[in-house]
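After this come two complexes, each holding chain A, first together with chain B and then together with chain C.
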Partner chain A sequence: MSRKYSRKKLQEAGQGYFFMSPTLFVLACFILGPIFYAVFLSFHNVRLLGETAFNFVGFANYERVFDDRRALIALWNTFKYVIIVVPCQTVLAIVLAATLNAGMKGEKFFRIVYFLPTLTSSAVLTLIFMWMYNREGLVNFGLESLGLPTYDFIGDPNVALTAIMIMNIWATAPFFMVIYLAALQDIPDSLYEAAELDGAGPIRKFWSITVPHLKPITSFVVIMGIIGTFQLFDQSYIFSGGSGGPDNSTLTVVLLIYQYAFKTMDTMGYATAIAFMLAIVILVATLLQRKFSKEENLY
Partner chain B sequence: MKKKTSIGRIILYGILSLYALITLIPFLWALSSSFKPLSEIVSGAITFIPENFTLDNYRQIFIEEELFPRWMFNSVFIATVGTGLNLIFNSMAGYALARLSFPGKKGLFIIILAVLMIPAQVTMIPNYLILREFGWLNSYQGMIVPSMINATFIFMMRQFFVNFPKELEEAAAIDGLSRIGTFFKVVLPLAKPALAAQAIFVFMGFWNDFMRPLIIMTDSSMYTLPLGLNTFKGQFVSYWNYIMAASMVFTLPVLVIYAFFNKYFIKGLSLTGGK
Partner chain C sequence: MKKKWMVSMSVTALLAGGVLAGCSSDNGGEGSSDEGGKTTITLAGWGGNPTEQDLLQQTLDDFEAQNPDIDVKLEVIADQYMDVMKTRLIGGEGPDVFYLDAFEAPALIETGVLEPLDDYVTEEFDVEDFEAPLLEAFQQDGVTYGFPKDYSTLALFYNKTLFEEAGVEVPTTWEEMMEVSKALTKDGVYGYGVAPELARQYFVAESLGGSVVEDNMANFGSDEVIEALQPIIDQHNVDKTSAQPSEVGASSGGDMFGQQRAAMVLEGNWNIPYLEETFPELEYGTAEVPTINGEKGTMAFTVSYVMNAASEKKEASWKLIEYLTGKEGMETWTSKGFALPTRKSVAEKLGYANDELRGPLVAGAEYATVWANGTNLPTITNNFNNQFVSAFLGERPLDEALKEAEEQANSEIEANN
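And then the complex of A and B:
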């Protein structure tokens, strides 16, 4: 009896491993293996040309970051980008979702329109915006006809990053809006009706009912936003033709990692060290955000 | 009272329409530019309706850049095969984690959750070296195999199968179907909504990916569309009519997919976002 039972158990374990086998293979070869390999790389100087060579350098790759002017610029650019883009896209997403959820006719139409940027690839979006940001392009035309100063968005280091920020807020807010929309459906109508009886206006209802109820989702949206914005790459790569220019103004941490890993010689180990530091920054930001929002939830 | 709400409605419609306009203008502008001849592009005139409407740009891009059809094929092939494998493998893993007991299952589940937290940049460089060792740089498998599973969707499928009625599988087992047969013949067909949502997101991930092909594909005949588009822009710097026409060609397939699977998008989002 007990033998039969264990045989059945054995069979089930076999099936379990069979079902898991593709996942186990990829996990081992392309995720967990590479993580350990990355730890190794970050302590070495890597030479790829000719015979591949690894020279142990200890913590030198990690220390090097603090003397690297471009690394500090990239970090500062990325930080500015996160600090501005995450709150803007979150607020825009929540406002759009609340407006769209007000039970208006044509909701479906607006929803489809708003979702267009999410569907379009970052490469296409960046090209469209570069065309609009052109010296004599649509954006400058609009600014001029409003009597505002015009800019050389692509060539002027003072505005290039701002141009990418605006583009990305525009592109990602609708994605988070849809997440909010799903959550809004779960708020019972009776709450709004009760508030209405108490004489609350639409803005009061938004602040006192909608926003508090969306807190867990907001936490999720902010974390996703932080992770996404820290990894900005495609847009600044295409915008600057891979250089991070003009004058390093669109250089982000991931673009710098890419350049050190694949464009300059013998800096692959250093690039890996920066990647680890970026991972730690993202992790800390995520944990801080999570802790922060949990404490608020106590009240 | 009634009047007040109608003013409210006007304000709401105002906000909705304004933002719809903000969303649509870049696309309309790109579309309009793609139908303009170069002379109209360089003149700097701001008109949404082309004065000299032409389809030449769409013809010309395929003549000027003969690799376009190839890039299109590469993108379609990688995205389709990659999505197919993801659907099967993510579901298998999700099913095993939800239904079967085997040693190490709990640890594996925790590892999969932890993998969600690791940014791709950490594994990007070692993966490049590993693919180089395998001789998989510049190949389809180099793009597909490392991404043929996805931790997010394994997690999602697990949640789906945890709530899946057991009775159906038991009935299939009584009919003499093996566990593996049951999975492919009974369970998977019933998981269609979850699979559809997953398919769209995985497909879009492959289709729009810029960084991985940039690293893996060095030969221009192996480029995918986003990469090809970026190269094309480098060659035709001020031919914005060509660049916009090419951009429109590359955007169309995803819009068509979206039109067909619209409802699964929303469902998929609430599945991935509702943790």
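And then the complex of A and C:
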């Protein structure tokens, strides 16, 4: 019998694990444990209240997703949301960052002002926006004074999701702006000077120097944006009072998971199955994004 | 070397212990502590307005004075009451006694987490005294799981000033209601403020003999139900004399009525103190809900006290329920008229039937439909509300919307079983 590790090495490793054990314990208890438990739940029909029961049902919970019209609506709503919000917030962030980096007066002041929405809690933000979106609220007042049609943003299924999109773009773009701002500091001034000598204007400089140099950052921002937007929950929850209404228009995948997990009884297993499907969708979206941007070396 | 081992082990143990202690801190709140022969029981409910909370506290103080060996700890759950309650029951941390809405009752009873109360009931408690339909909402197979603490029905709230200006009478039939709405609708004011949701429209939906729920499955796509609900849709989209709160920037029917954006609304008992506090200047009256097809109808919403089957203090818990839903406790609790008493004797004593504002609400109890129907009502309601709104807003015909919602509701119900 040959021993691979010497006694000393084993002892050293053991010591290491001992030192790490508080962290390992926390990780196992609050992250790994719940994940494995969720995997377990997703293959079972779970009954938690009263007499706890787990019936193994195989892939039935996963199959059910495809027959569930509300799940498909939720997925479609979330998809629309991602497709519109991610590009908008990315473009807005890059434009805001570029203007703030142009060396204007009062730069720092605007930096703070722009960043404020990100500091506000999203629940508070949603409540404030619901006031503004009120039928008689600020937004409609503005639209009316411009001679534009007004909307019942909260009650009309056609515009409810759009209202949440606008709110979220406004709230998250500044966060990514800060990331862009940091990256902009790394672009050497000499490049801009050289371009100026060649006679490039500000727009040309932006497209030919700023944008290409920010590409790795853009890749990061888009991935984070995709993950964040796919997980939209709090805004649509508050907006619709938890129902995903009006007419399922603000129903997102995470909101649906919440409803199945906590609102309807005995559907915890199905809820975890949808959660895994969502994780797969996010994974695929992220991989696709990486493939297109070909910036795999960075992240 | 040995020493080092000891040190690292004890550090680890200390840290792990700290984490564990953090996880399990504050178990005391669940009434598992007996101090000096006193039994502590927990009572959980949602919050009301401050006056209502004072009234409940007063009732509990009276109870404690009569039962010096029992301490009641009141826990107010501010938001998402049922989510919190279900999670706590699953975790074995449920309160001894708690509020339960009739709407949620059948599903919770079926899980077996509620204690059957029949064996505790004494002759003196007088079960016969309760309004039968309200009590039945908390019974399953002849077993009683909760005693209703109070209830409210819906009545027609009308704005006296607007009615005078328009020169119309208070409607007694649904046709009259639609007619006067036309006279009342002008300058951004709507005749009728409507809540397009099943909890409020249930009695309308069933007014032509159809049933919304049949054999615990959704049945609201049936012709009778669609025909009965069509006038609600037509009044909004054809007459344009009704609106839902969000269309006038209001947060609820009461708010819409208080802001004088609707001349009539169907609201419950809760609306009276609300209007008094928020819109004290408003001149309004109440009347019974207009009859549909010559039949009287309204909704009744009721909440009961139930006992946790896992409670270790069942005797004391029953004493609390017995007092709170008994003649004396109920009289204190309903004395200010925030809620109506479910006992006939208390109702008679407090005389709300002759109250100018509350009279029509009390009168409704006789013919009201209790808002509860089987274990699947939450799923059915969610699907109904979602699609009914789209018909209400004129996006699609009512029959198409409701048939689709019914199908979806039933497929969800089948998949759950």
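Here is the rule we use: the second predicted complex is superposed on the first by the 277 of 299 C-alpha atoms of A that agree within 3 Å, B and C clash if a C-alpha of one lies under 4 Å from a C-alpha of the other, contacts with A are read in each partner's own complex, and residues count from 1 in each chain.
As a working rule, a contact is a pair of C-beta atoms (placed from the backbone, for glycine too) under 8 Å apart; a residue touches a chain by one contact, two chains touch by 3 or more.
Being a predicted model, the structure only gives us computed values, none of them experimental.
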**OP:** Using the touch definition from the top, say if A:182 reaches chain B (first), chain C (second), both or neither.
**Re:** first
Original post:
Which partner does A:67 reach: the first (chain B), the second (chain C), both, or neither?
Top reply: second
**OP:** For A:51, decide between first (touching chain B), second (touching chain C), both and neither.
**Re:** second
Original post:
For A:225, is the partner it touches chain B (first), chain C (second), both, or none of the two (neither)?
Top reply: neither
Original post:
By residue count, is chain A touched more by chain B or by chain C?
Top reply: B
Original post:
Does the superposition put A:18 against chain B (first), chain C (second), both, or neither?
Top reply: both
Original post:
For A:241, is the partner it touches chain B (first), chain C (second), both, or none of the two (neither)?
Top reply: first
Original post:
Does the superposition put A:156 against chain B (first), chain C (second), both, or neither?
Top reply: second
Original post:
Which of the two partners, first being chain B and second being chain C, lies in contact with A:123: first, second, both, or neither?
Top reply: first
Original post:
Which chain A residues lie in the overlap of the chain B contact set and the chain C contact set?
Top reply: 15, 18-19, 22, 26, 29, 134, 136, 262
Original post:
Taking the complex as given, what residues does chain A use to touch chain C?
Top reply: 11, 15, 18-19, 21-22, 25-26, 29, 47-52, 64, 67-70, 134-137, 152, 154-158, 242-248, 259, 262-267, 270
Original post:
In the complex formed with chain B, which residues of chain A make contact?
Top reply: 9, 12-20, 22-24, 26-27, 29-35, 37-38, 41, 95-96, 99-100, 102, 104, 106, 110, 112-117, 119-125, 127-129, 131-132, 134, 136, 138, 141, 170, 174, 178-179, 181-183, 202, 217, 220, 227, 230-231, 233-234, 237-238, 241, 254, 257-258, 261-262, 268, 271-272, 275-276, 278-279, 282-283, 286
Subject >> Interfacial residue positions of chain B with respect to chain A in the complex >> reply: 8-9, 12-13, 15-16, 19-20, 22-27, 29-30, 33, 44, 46, 85, 88-90, 92-93, 95-97, 100-103, 105, 108, 111-112, 115, 117-130, 145-146, 148-149, 154, 179-180, 183, 204, 207-208, 210-211, 214-215, 225-227, 229-230, 233-234, 240, 243-244, 247, 250-251, 254-255, 258, 262, 265-266, 269-270, 273-275
**OP:** Enumerate the contact residues on chain C facing chain A in the complex.
**Re:** 1, 4-5, 8-9, 12, 15-16, 19, 80, 83, 86-87, 89-90, 107-108, 110-113, 244, 246-249, 378-379, 382, 385-387, 389-390, 393, 395, 408, 411-412, 415-416
